[in-house]
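Structure in structure tokens, see below.
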Amino acid sequence: MEFLKRTEEELQLLDAVDRFIEKRIKPLREAYNDVPLPKPVAHQVLAELAEFGYIAGTAPESVGGYGLSNVMQGLLTERLSRAFPGLAGTAFIHSAMTNRIAMAGSKKQQDTYLQKMLNAEMIGCGAITEPSVGSNTADVATRATRTQDGWSISGEKVWISNGNISDIASVVARTGEGKNGLSRFLVERKDGYTSSDIPKMAMNEWSTATLNFNAKVPDWRQVGDEGKGLQITLVGFQTARAYVAMLSVGIAQACLDLAIAYAQEREQWGKRIAQHQMIQEMIADMATLTDNARLLALRGLYLVDQGVRCDVQTSMAKGYATEAAIEVASKAVQIHGACGISSEFPVERYFREARILTIPDGTTQIQKLIIGRGLTGLRAFN
Amino acid sequence: MEFLKRTEEELQLLDAVDRFIEKRIKPLREAYNDVPLPKPVAHQVLAELAEFGYIAGTAPESVGGYGLSNVMQGLLTERLSRAFPGLAGTAFIHSAMTNRIAMAGSKKQQDTYLQKMLNAEMIGCGAITEPSVGSNTADVATRATRTQDGWSISGEKVWISNGNISDIASVVARTGEGKNGLSRFLVERKDGYTSSDIPKMAMNEWSTATLNFNAKVPDWRQVGDEGKGLQITLVGFQTARAYVAMLSVGIAQACLDLAIAYAQEREQWGKRIAQHQMIQEMIADMATLTDNARLLALRGLYLVDQGVRCDVQTSMAKGYATEAAIEVASKAVQIHGACGISSEFPVERYFREARILTIPDGTTQIQKLIIGRGLTGLRAFN
Amino acid sequence: MDFVQITEEQRVLLDSVDKLIENRIKPLWKDYNNTPIPKSVAHEILGELSQFGFIGGSAPEDVGGFGLSQTMMGLLYERLAKAFPGLAGLTFITSSSATRIAVDGTDAHRDAYLEQLMSGQMIACAAITEPNVGSSPANIQTTAKRHDDGGWIINGEKLWISNGDISDICTAIVRTGEGKGGLSRFIVERTDGYTTQDIPKMAMNEWPTSSVHFDQVYVPAWRQIGDEGAGLSSTLIAFQTARCYVATLSLGIAQAALECAIEYAKEREQWGKRIGQHQMIQEMLADMATMVDAARLLTFRGFYLVDQGVRCDIQTSMAKAYATEMAVKVASMAVQIHGAYGISKEYPVERYFREARILPIPDGTTQIQKLIIGRGLTGLPAF
Amino acid sequence: MDFVQITEEQRVLLDSVDKLIENRIKPLWKDYNNTPIPKSVAHEILGELSQFGFIGGSAPEDVGGFGLSQTMMGLLYERLAKAFPGLAGLTFITSSSATRIAVDGTDAHRDAYLEQLMSGQMIACAAITEPNVGSSPANIQTTAKRHDDGGWIINGEKLWISNGDISDICTAIVRTGEGKGGLSRFIVERTDGYTTQDIPKMAMNEWPTSSVHFDQVYVPAWRQIGDEGAGLSSTLIAFQTARCYVATLSLGIAQAALECAIEYAKEREQWGKRIGQHQMIQEMLADMATMVDAARLLTFRGFYLVDQGVRCDIQTSMAKAYATEMAVKVASMAVQIHGAYGISKEYPVERYFREARILPIPDGTTQIQKLIIGRGLTGLPAF
């Protein structure tokens, strides 16, 4: 497919990444099995990933980026997620924060933070969701109040990816009433926020945390105009959904690969189980689901690269790919039989990981309402 | 998406086609509702379609074609199928036959038939399937026996698309034993074959017929080498599957469009039904299924254009798209409520049409076994 | 139905029904393939079916019924639906009208109509839905206005009325006042002057779905059923039972399609063995049989609860939604197992497929059923 | 279970069980969250459960059982599984061993083991599966060779043995001759020297799944159950019943997940209303409840047929395949309704989801069940 045709340079990068993943990432995957990635390890491995474009790949070279397309960045994400989904998630969030500063940050913000984020000296997170808000960003209750020389920010954020290992948070807080009363601030941990991890079914390597803000920040930490906090966020959502879709594609592809290998080896009733029609049917369904998910996600990233509005397409990608990965992983478990539920084989872990991703960045149901609104021009919520 | 980026010339063609379909095809759709398209009408409309590239679009200009890519031809097919699936099927079969003569025919075959097929003076069909054969072409029982100056062909072929309106058939017949004992011949109706239509649940506009051969043909009507009849066929299968997928995409897109329009108009409980979440969910699912199907089909056609082997990818496209169209059409029926099952609304017809396409050119189950074989290297049949 | 205990007497009845179906109904199913059953034929066959309790069989014996349980009625209808779903629908609509008149009607109503309905001499329809009403009967616009002599003048149009075009009488819900409580029910005879028109549909045209027109139709006062303003409430009670019957139609279709598929899989050969020996075919058959049985169990639980007289809108909505969607899937798989024969008119499965697709729509779409279930489970309405 | 009629006596038993579960079992479910239940705790709790018939309850009263029907046992286990699925599994395996010994064993076996098993003092496992055997027990490679004194020496490895690591006795199927008929069954005590090792799994580690090793393990001759060579046939009969119990475990999990989801949907607000008022949430709840009920009906039909003593491999395979796959879907929807809370350890639904995913595997995968159903329907094997 044309959009999968890579330049010679890109192919070299992907090869280098494959080698790096094999040597460096796969052992990490084994070492941190559903336990939080220690902060020092996270700093170290994110710095290494940065060299392959994982952190500021799509940022312009002028600000230290690699000028990669989002399509290319998506392919990198899939590869990392195949090997270690939780780490791919960690890198994706840090990358999104870094890019936001590169794109929307003031000169001073860029000078202060960009280099530190590019080399992963600081790890970032985006703090939007609140306990009683869900996906409805307009209800944010965290307040930013004017002080003499800046802002005082207080409130609680929940389900913050990367939260517990973060050094800096991009916080959406209320500076006025209603939808246009939200602004965005860069808050460092030492400015006054604390975090605690929320244990979850899988991917505990990738922190999901509660953040408590009682922080004072100087004026220059505001990102963009006052009252425009939400606007910046909504644009970012579109892109984020396509990347979450790619995380799921990575999981699905890993499960497909594992299932094929197992089905080729394992014998039952005198033949390899891959010779049984019901096994082949499952493999065929898995491959089709995975390819669908990848094509939708890449189309989404391609449209992001074109700079056109693509909320319908990226919601399709996110909604479909995350559900598809569960289905694919569940079939991989099934093909493995008893080995599939054993912790000694990798598929049960992928299965639990896949189950996570239909929730963040808008549940499947929210994606459908976005698609439905886009197609009909009518809202079925609010 | 890059492969959807069309040249200026291509865009003009698509626009012209849209106008033609609106004016000429939609009234035909109403006029021939599940009754066979009369042969004179078929000749006439195929000749008109030929001018837009529907018949020899992908053939080189040297033999009277337009040099279109298969991707472009696929887009044409989708448009026609949206408006009139049975006619799109008729054109697709005639086109496939024409292309085969253009690509694999001898000079004499081309000189004799090509022009007549390009202007639809003659309508073609491909005669492979037999009563007890199903998708297993190796079991063909129709025999071609040497005569003094040619071949005598006798046997029965079933489920032959275009059969009852055909003037010429490309026939696979047995000239020796086993898989390599099959050859291909061009047989004209006046050489000695008869046909009768098989009534079916829908798409009776598109003939599906039983053909009885008791024909004598001269030597020069053999296509390709003796014993290579099957080989030519298997290559054609790959491409055909992608086009059948596009027929289904057309049906799905038509249903999606109809469902959206209906949901925007119809009121229930004081609001437009599109404002109900369950309706939006159905529309979102329909759109995602349709886009998946289109992306898989276009990828298949793109790979055909690249000349690479793509049986796994085209089987994915055919298997997925034909099943997806049933699902999409069924949801369109559901959104229409009682109007959905009424013959006065178009969706019930699309629903029945969609149900046809999981069967021909290899059932969904066969596609899965092809995919499974491709992925595992192991067969689960035979 | 392994789970339903039946008495020896019931067994004898079911055996006789099986014979009638084999000899009488199955040939009819072939004769009337998607064309309306002529009225004369319908009267005759309903007369035969009525002897086995198909019409008003659940009504008490003192009003001419058989006193059958709904469960037993379900067993009868499943058999009929398997052989001829459209006829089962036609019969069921007449039967439910008879039951309503037996239960809710006055002596005058019973005397005038019951015997004729329960012997098949009259065919009934029930007219509720209107063009812009859908599943919300509170919006009914057809009106009945008082005539000077105490009778009523009815004006309006009803749509998607099962049995309409073949009906001799029609029980219509019409507006006699404002709001939800302003609805009343009347028995209208064909000779009073209502007119009907058949709406062609994808399948089951044997069983007419019609529009019914009332243009200044006069009905005498005694034809009102129940009190003025009680039209809707008495109808809502009947919905529970109706859902089980629609589920039974789907069950019959699905069971017939499953049996065809099994037969075909045992006969047809592919790659040197019968296709029933291929795992993917067996998987489809297994899925089909499991879904059919699950639907049957849900449906007969519904009948059982109706028989117990307890409220069971959740359970009957489950039966209706699951069974009607199930039949579409099962019939589609039966088509698939038949390959090219599956879409041809030569085999019955394409007909089952089209018939099955009708039933997730009437008597509350699948979506409505889900909202009823959801409301029951959460106590919260989402419509 | 609206469809199952129970006596007053049974109602009293079920009520007492409900109290035990509320007070005793639910706290345990929190204490042992995916960690093995210590052996001492297991003995104690099995002792309590046994008083209600959970262990060998279906055995005749003359051998110490309660003479309960399998249907009644199913009702007991559904309750236990809803509160603590892993414990229900652990108990069920012990119970089925006790039942086998009561039914197939000699007086010596019954005297030696039955009271201890049925009082929870001994925990049993059944060792059939081997590393390269899967669902094909005819390939069993563990051997028992005659010792000079008439006893047997067992060598080999069993894999995926439920209860293995916590077991005091093990009924093992081993090879004493060639082919399918060459399999025999023995009771082996832990003190005879078999060793076990727990295999960690995605969920339900409370209920051990283990490898069991026999290294020159001597068992005396009297420990053989049934005739030499009859090992497999008597086991196949028990499969039918076992499938219903596994289905019941899934039912319990699904019902618990459904109830959590309903509660959450009634409390949580989004866009100014409780999420239970959103149609898509109600649709999920409706689908969940319908699937749970369909599975329950299939499962209890299975128990009913087992009670009738008729062959029911098709019906019990349906129950096992449908119910176990159903629970995965229902638990996944429960997670989805909970949003981010659904994947957190703070709410129980993520645990239900992992537990549910286990059960389409043991006692014959879903695929095997479908091949059993398909074979039954067509008379043709596809494996």
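Going by the order they are written in, the chains are A, B, C and D; count residues from 1 in each one.
As a convention for this text, a contact is a pair of C-beta atoms (placed from the backbone, for glycine too) under 8 Å apart; a residue touches a chain by one contact, two chains touch by 3 or more.
Quick caveat, the model's predicted, so the values are computed rather than measured.
Undergrad: Is the number of contacting C-beta pairs greater for B-D or for B-C?
TA: Greater number of contacting C-beta pairs: B-C.
Undergrad: Which chain maximises the distance between its CA centroid and that of chain D?
TA: The chain farthest from chain D, judged by C-alpha centres, is B.
Undergrad: Quick one: report the Å distance separating chain B from chain C, using the average Cα coordinate of each chain.
TA: 39
Undergrad: Can you check how far apart chain A and chain C are, centre to centre, with Cα atoms defining each centre and the answer in Å?
TA: Chain A and chain C have C-alpha centres separated by 51 Å.
Undergrad: Give the residues of chain B that touch two or more other chains, as numbers and ranges in rising order.
TA: Within chain B, the residues that touch at least two other chains are 276-279, 281, 365, 368-369, 380-381.
Undergrad: Going by the contact rule already set, what residues in chain C reach two or more other chains?
TA: Only 278-281, 283, 367, 370-371, 382-383 qualify.
Undergrad: Touching residues of chain A toward chain B in the complex: what are they?
TA: Of all residues in chain A, those touching chain B are 1-3, 260, 263-264, 272, 274-277, 279-281, 283-285, 287-288, 291-292, 295-296, 299, 302-303, 312-313, 315-316, 319-320, 365, 367-369, 371-373, 375-381.
Undergrad: List the residues on chain C that touch chain B in their complex, please.
TA: 129, 132, 134-136, 159-160, 199-203, 209, 269-272, 278-281, 328, 332, 335-336, 339-340, 342-346, 350, 353-354, 357-358, 360-362, 365-367, 370-371, 382-383
Undergrad: Give every residue of chain A touching chain C within the complex, in rising order.
TA: By the definition above, chain A touches chain C via 276-278, 281.
Undergrad: Using the touch rule from the top, collect the residues of chain D that touch chain B in their complex.
TA: 278-280, 283
Undergrad: What part of chain C is in contact with chain D in the complex they form?
TA: Spelled out, the residues of chain C in touch with chain D are 2-3, 262, 265-266, 274, 276-279, 281-283, 285-287, 289-290, 293-295, 297-298, 301, 304-305, 314-315, 317-318, 321-322, 367, 369-371, 373-375, 377-383.
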